[in-house]
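Take this structure first; my questions come after.
Think of it as A, B, C, D and E in the order they're written, each chain with its own count starting at 1.
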Amino acid sequence: MNLTIFLLALFDGISYAALVFIVALGLTLIFGVMRILNVAHGSLYAIGAYATVSLTGFFLALGFAPVFAFPLMLVSAVLVGVLLGGPIEWLLLRRIYDKPEVLQLLVTFAVFMILEDVQRLVWGTQPYFQASALQALGNVTIFGVTYTVYQLILLPLVAIALLIGLRFFLRHTVIGKLILATTEDREAAQSIGIDADRVFLFTFVVGAVLAGLGGALASPTTSILPGMGADMIVLSFAVVATAGLGQIGGAAIAALMIGLGRSFAVYVWPEVAVLVPYLIMVLVLLVRPEGLFGSPVARKI
Amino acid sequence: ADKPAALKIGMTTFLTGPASVFGVPARDAMDIFVANLNAEGGINGVPIEVTYIDEGAGAEALTSEFRRVAQTEGAEVMLASISSGNCQTLAPLAEDLKVPNLMWDCGTQRIFEEHSYDYVFRPQGNATSEMLAAVAYLLKTHPDFETIAVVNQDYAWGRDSWDIFHTALEAMKPGVKVVGEFFPKFGAPDFSTEISRLQALRPDVVLSTSWGGDLDTFVQQAFQRGLMNTSTFVLPLAESSLERLGSSLPAGHVVGARGDHYFLHPERRDDPDFKGFMEQYKEATGDIPVYSVFHASQAFAALKTAYEKAIADNGVDWPDEDQLLAALDGLEFQGLGRTLHLREDHQGVESQLMGTSAQTGEYPFATLENIMIFDGEGLLPPVGETSTDWIKGLDASFVDGLAVETYDN
Amino acid sequence: MTATNKAGTAKPPLLETRELMIKFGGVTAANNVSMQIEAGRNLAIIGPNGAGKTTFLNICTGWIKPRSGKVFLEGEDITPLPPRKIVRRGVARAFQIPQLFTEHTALENLLISAAAREGLRNPLQNLHNIRQRDEMMHLLDLVHCTDVADRVVVELSEGQRKLIDIAVALALKPRLLLMDEPTSGVASSQKHEVMEILVGALAEAGVTSVFVEHDMGIVARHADEVAVWNAGNVQLRGTPQEILEHPDVIRDVIGEEVA
Amino acid sequence: MSEISQHSTPRRAAKSGGMPSLRALLTLLAVLLLAAVPFIAPSMQLLINLALAKGIAVLGVTVLLRAGQVSFGHALFFGISAYAGAFLMASLPGADLILVLVAGVLGAALSGLLVGLFVVRYRGIFFGMLNLAFSMIFWSILEKFYHVTGGADGIRLPRPTVLGMVLERSGFEAVIFYLSIALMVLLGWLTLRWFVSPVGQIFQSLKTNETRLEYLGLSPKRVLLSGYLLSAVLCGVGGSLMAMTQGVVTPEYVWWVRSAEMVFIAVLGGAGSVRGAFIGALIYEIVRVYASAFAGDIWQMLLGGFLLVIILFAPKGIMGIADGLIHRGGKRRATTAEEAR
Amino acid sequence: MLEFRNVTASIGIIEILRDLNFRIEPAETLALIGRNGAGKTTLLRTVMGFTKVRGDILFDGKPLTSVAPPKRPGLGIGYSPEDRRLFSAFTVEENILLPADAARLGAAETKRRLDKVYDILPELKEMAGRPAGNVSGGQGKMVALARALMLGKRLVMLDEPFQGLAPALALRYADALRALRDSDRSITLIITESNPSLLRGFASRTLVIERGEVSEGSLDPERKSA
């Protein structure tokens, strides 16, 4: 394996990992705080992508410059978070927090099914592709390897910014602390004056925005079509479990392992490329049963 | 038999899931054909009613529904299906239920090579004829290539089509080196890694029999990364993505259509029926039709022609089942493309259209030039022989022996 | 005073620890603890909060492993064993924070305990029909919980749970019963009554007991012997009278009423 | 969702005023009604047969739910059993139905043991995801080794003989149908008995306190493994029946969506309820088939909406609703335990 | 300051407290006693808003039922639950500070109150930096008590605050609480306790809960059966 190939594999792995991380981040956040494995995350991801493509197409047709695609990504992500994430938490999940976790999971599964059809009704079955954001940034050449700026620089930057930002937010701000406290014990949090309902709503919306953002950022490099959410959700699940419950740093590393594992597998042993996420997960959990960064929760006795 | 109030037929198609890129256009087209025919009074005065069954709803729902429509709703003929896996399930079921079944869009060559059926017919070609046409076109237009790599979807079609293509290539041009075989998972959102690898390998030819979003993504990304300037792409199903790919499919790449299916079919485009349908379809859906629409037209034509033939042959008002089956045997019919006929093993003989992409500016997407239409007869193994055995026995002279018409565009 | 069996050889103490050490971060929770617990007695453990009393029970039952030192049960080294194996050797435990099957009823908690003790023979028998049912009802009676026998544990109050937790441990018919603050959370009106019956039952069944306790009234009345814990080690050991009047104990543990 | 299954406990049952006999009567009626389907609604026979096969598999998932564990990969055992049958038929054409069933169940049990030994160390999402991982690995193997497994198209499972007789489709379908009903009754009854047995109750106590389990001298992992094996076997039986009914096995049998569907059905029927598993499967299949038949391309949405309504308004599933109806007018015990079923 | 009017509180569908009527005046210290399972904890949880309530609860004359549960601590109500309920992801000190964070008290005020809490419970200072999940049973009770004192400017509700504390410590805390009450006449205390001796001479009133109903009582053993 020469340097060029190595670099190519490395870049592929990194750009893919960045995208996966951004999507998994929202899922980890929601799971970490609310203990809900949000299957609908996949749909929010897909809708974020669809919305971006539609908005970008619309504005470009009006004659806006292609760089305009970037703010539109943010807009789509926020729209997804507020218009979909908000009501899902507010109208559905809120009613069943005292019910077993599996019911909460299934509520999101049901929402996922509904949103899958909604996507098809709104956007049809034909794939969409909208790469103006990608083209707007052009290519870079590093050690003789040409790669798109968007994938090699922008995506990782966004991922790192989100990683640092969210960690800082949760650990060092008051709201972050209140969120963590609510995570641990909803009723105890209420009894010291934390509005757990608001915390959950806020968390879910942020998580949904991140899902939408993931879709928005993915849209220039993939075609947008029915079913794209289902694949992403399984992958993000694997990242969350590998990382350890609600571990944001862990999610970054898990995403990187999966991204690099996959891209190097294509060179070394293409047959297993599809299996990489699962193999990594099984191996990691074999060694660290609580996930990469998780710690065993000892019961107080 | 007595004339029914309506001729009920059932059609399985993907209304949900990724394959709905084919399934939904086919259903839309079917609705148009049926409406047109019923407006003319139907078949011998009997209007047609179609019940659609969603293949995307999973195997249990599909088989249950297939049975319900065939048995309880009393459908006289079934049209099933798109997915090869579903064909394998439904063909024996149709045989057991004794309901005539037209396999309207499934590609696997195995069906009639491994089993024989009384009730099952395929009004179209199969993977063998489709892949051989691609090989033949490639050899005719790029006789000097030395290396090839493949990027196919990781499921039966991706695997089988490469098997056929590869075997044929080995038989007809033994020196070609396969430098890479990639089977990214079905529905993969991203092909960066495979493309990086291809950039390092620099094959002369890149084959991909992918379709739908997978093909779109692959071509778009390959285009962005400049791969399409260094390798010739052979894309046997790209006709169904032309419109969506827009300017991302540059000139000079090989495009196929699973048959002679092309909205600017050089022999058919001036035909008033053809033109009329194109307009009707455009009006109804806003799109140009893709090959599944042509396949639907062929199945519909086979059905209509068979009924008419059975009625005429037997001088009855309405044929019974045996009369219908007899009419289907060796039937000749014409959908939107060229005339087809059914062989004695019930396999259809369908011409294959291949072309090279060109960006003419006439449409906001690539159209085809240097079009060749291969006659289907030469692309299928003789009745009773399996594709694999037959293709292994072919040699370089095969390509020259094919009947083919060539058109500039 | 070592019990001697017929052959005259010295019988090892029921439970013995040798130089147990454990630290959590900067906190030394067990500091060279060497203890011998003879069969047939009720030993009370008292001491300030955070002295390491619960930790001692945790180590003795294999829940946490000491950094150094060993635990012996009748001379057998049980330090490396997981709790379940120690339990099967006749050691049962009731907890400071009750450990119950919260979605089962109180009675079912006991029946499960009995079934675990008996081994699981007939896989198709109904749990409620096992032979030990009456015995379990009796145990519930012992801890004054007959009236909540059919209540699901999540619905019970803290005090009720503590009592049932003790009954569940008793259902295992242990030789050695370790209890962590058995009466904390039990209403004072019931405390003595419950302890009275419990201690009586233990004596009758020949069960050795060790209980951590903060209520000196209970200690004075029900313990044969008292060990005082401080900063991770046994500071004093003696009869209740000796200990409860000891000035250090009064200062550190019992306190003097200022009023 | 307290799974204490008081209703199946004779002593308590007696308390609730003769309800179990009504319950038993209704169950009997339902079984008889099912048995009559080939005569009164022959067009439903296949559908119901598929639902029954799935119901038996769902029962496996139900077992785990009782211990508070959700597996997103139990389709693995469903698929392994189906493929075991298909391979058996391929290597031994004309094998007997019983043999196919036994081979399938053995395959499921064996793989259940192997996977189980590994996954019982985990709980919650880790447990669920590891099961998913194993099922996806098996799925990939099915797709990759397509020369052996037939890839995405799967392999056919020709009709086995029945006690040496070669049957036509209709005869064979009748045999499979009544076999499915018999297995449903037998396995359902066994599972019910197991739930109320000491072993089953200990298994269910995993859900609430493993520390106490350990301090009763039991190994939580061993306890979980026993239930895991049972659930794998149940999924295996379901898979075998499904494969023989369909006549073909495809990798879709182990696809994660199918695992999710099983959990979905289990909760729909009433999480943890044995009868609920079957009722859920029946209703699920019927709703799905008719939604896809009559609402064309929005059947998923309808199904999702249906599930939402059930969870939000009847979180105890269809069995919860049924119980509510049975109990109406009957005596109520004033505890939430009753509610929680 | 706190008044119950015909209050019936239920959990799920079960009524735990029935038709309670009583009132507590400012600066009163109320001892709540009763057998296990009598409903003491439930009564406190009812004030915090964790049960379903029929009837009126008035706080300073205003209906408390219309205040959402998480808003209640902001009225100056501190609550120390029986089962501690510490946040193990935080240190001991962070646990004590969380209520102030939630109420957005501001740095100066937070500091002032924290100092006051440490005055009352000096043992906590040494443990301030330790993870709250690791402290012993009794230490946990201390942290919970401290947490309740952070916000409890008007009403402090302590559910068995001395449970599991060594007697020496419990005595000292009883003194400290007494001092707190004497120093600030606007604070009302409600304490449930199973050890009456600790409250004797300190509680100004005693309520006995029995089978979900309250009646006036006394901490003296002779008169308890009232």
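Simple rule for what comes next: a contact is a pair of C-beta atoms (placed from the backbone, for glycine too) under 8 Å apart; a residue touches a chain by one contact, two chains touch by 3 or more.
Protein identities per chain, from UniProt: A, D = Branched-chain amino acid ABC transporter permease; C = ABC transporter ATP-binding protein; E = ATP-binding cassette domain-containing protein.
The structure presented is a predicted model; accordingly, all values stated were derived computationally and were not measured.
Colleague: Which chain's centre, taken as the mean of its Cα atoms, is farthest from the centre of subunit C?
Modeller: Farthest from subunit C by mean C-alpha position: B.
Colleague: Among all other chains, pick the one whose mean CA position is farthest from the mean CA position of subunit D.
Modeller: E
Colleague: Could you see whether A-D or B-D has the larger number of C-beta contact pairs?
Modeller: Here the pair linked by more C-beta pairs in contact is A-D.
Colleague: Distance between subunit A and subunit B based on Cα centroids, please, to the nearest Å.
Modeller: Between these chains, centre-to-centre, one finds 37 Å.
Colleague: Using mean CA coordinates as chain centres, what's the gap between subunit C and subunit D in Å?
Modeller: Centre-to-centre distance between subunit C and subunit D: 43 Å.
Colleague: In whole angstrom, what separates the CA-based centres of subunit D and subunit E?
Modeller: Distance between chain centres, rounded to whole Å: 49 Å.
Colleague: Identify all positions of subunit A at which a residue touches two or more other chains, and write them in rising order.
Modeller: Within subunit A, residues 116-117, 120, 271, 274, 299-301 contact more than one other chain.
Colleague: Please list all residues of subunit C that touch 2 or more other chains.
Modeller: Where subunit C meets two or more other chains at a single residue, that happens at 54, 96-97, 99, 155.
Colleague: Would you mind listing the residues of subunit D that make contact with two or more other chains?
Modeller: Subunit D, residues with two or more chain partners: 144, 209, 211, 297, 300, 335-336.
Colleague: Can you tell me which positions in subunit A touch subunit D when the two form their complex?
Modeller: Within the complex, subunit A touches subunit D at residues 31, 37, 39, 92, 95-96, 99-103, 105-107, 109-114, 116-118, 120-121, 230, 234, 237-238, 240-241, 245, 271, 274-275, 278-279, 281-282, 285-286, 289-291, 299, 301.
Colleague: Over in the complex, which subunit D residues touch subunit C? Could you list them?
Modeller: Against subunit C, the touching part of subunit D is residues 2-4, 9-12, 190, 193-194, 196-202, 204-205, 207-209, 211-212, 214-219, 335-337, 340.
Colleague: So in the complex, the part of subunit A that touches subunit E is made up of which residues?
Modeller: Result: residues 174, 177-178, 180-181, 183-185, 187-197, 298, 300 of subunit A touch subunit E.
Colleague: Taking the complex as given, what residues does subunit E use to touch subunit C?
Modeller: For subunit E paired with subunit C, touching residues are 11, 14, 33-38, 41, 82-83, 123, 130, 134-139, 142, 160, 163-172, 175, 194-196, 201, 224.
Colleague: So in the complex, which bits of subunit B are touching subunit D?
Modeller: 15-16, 20, 24, 51-54, 57-61, 63-65, 67-68, 71-72, 84-85, 88-89, 92-93, 96-97, 108, 154-157, 159-160, 186
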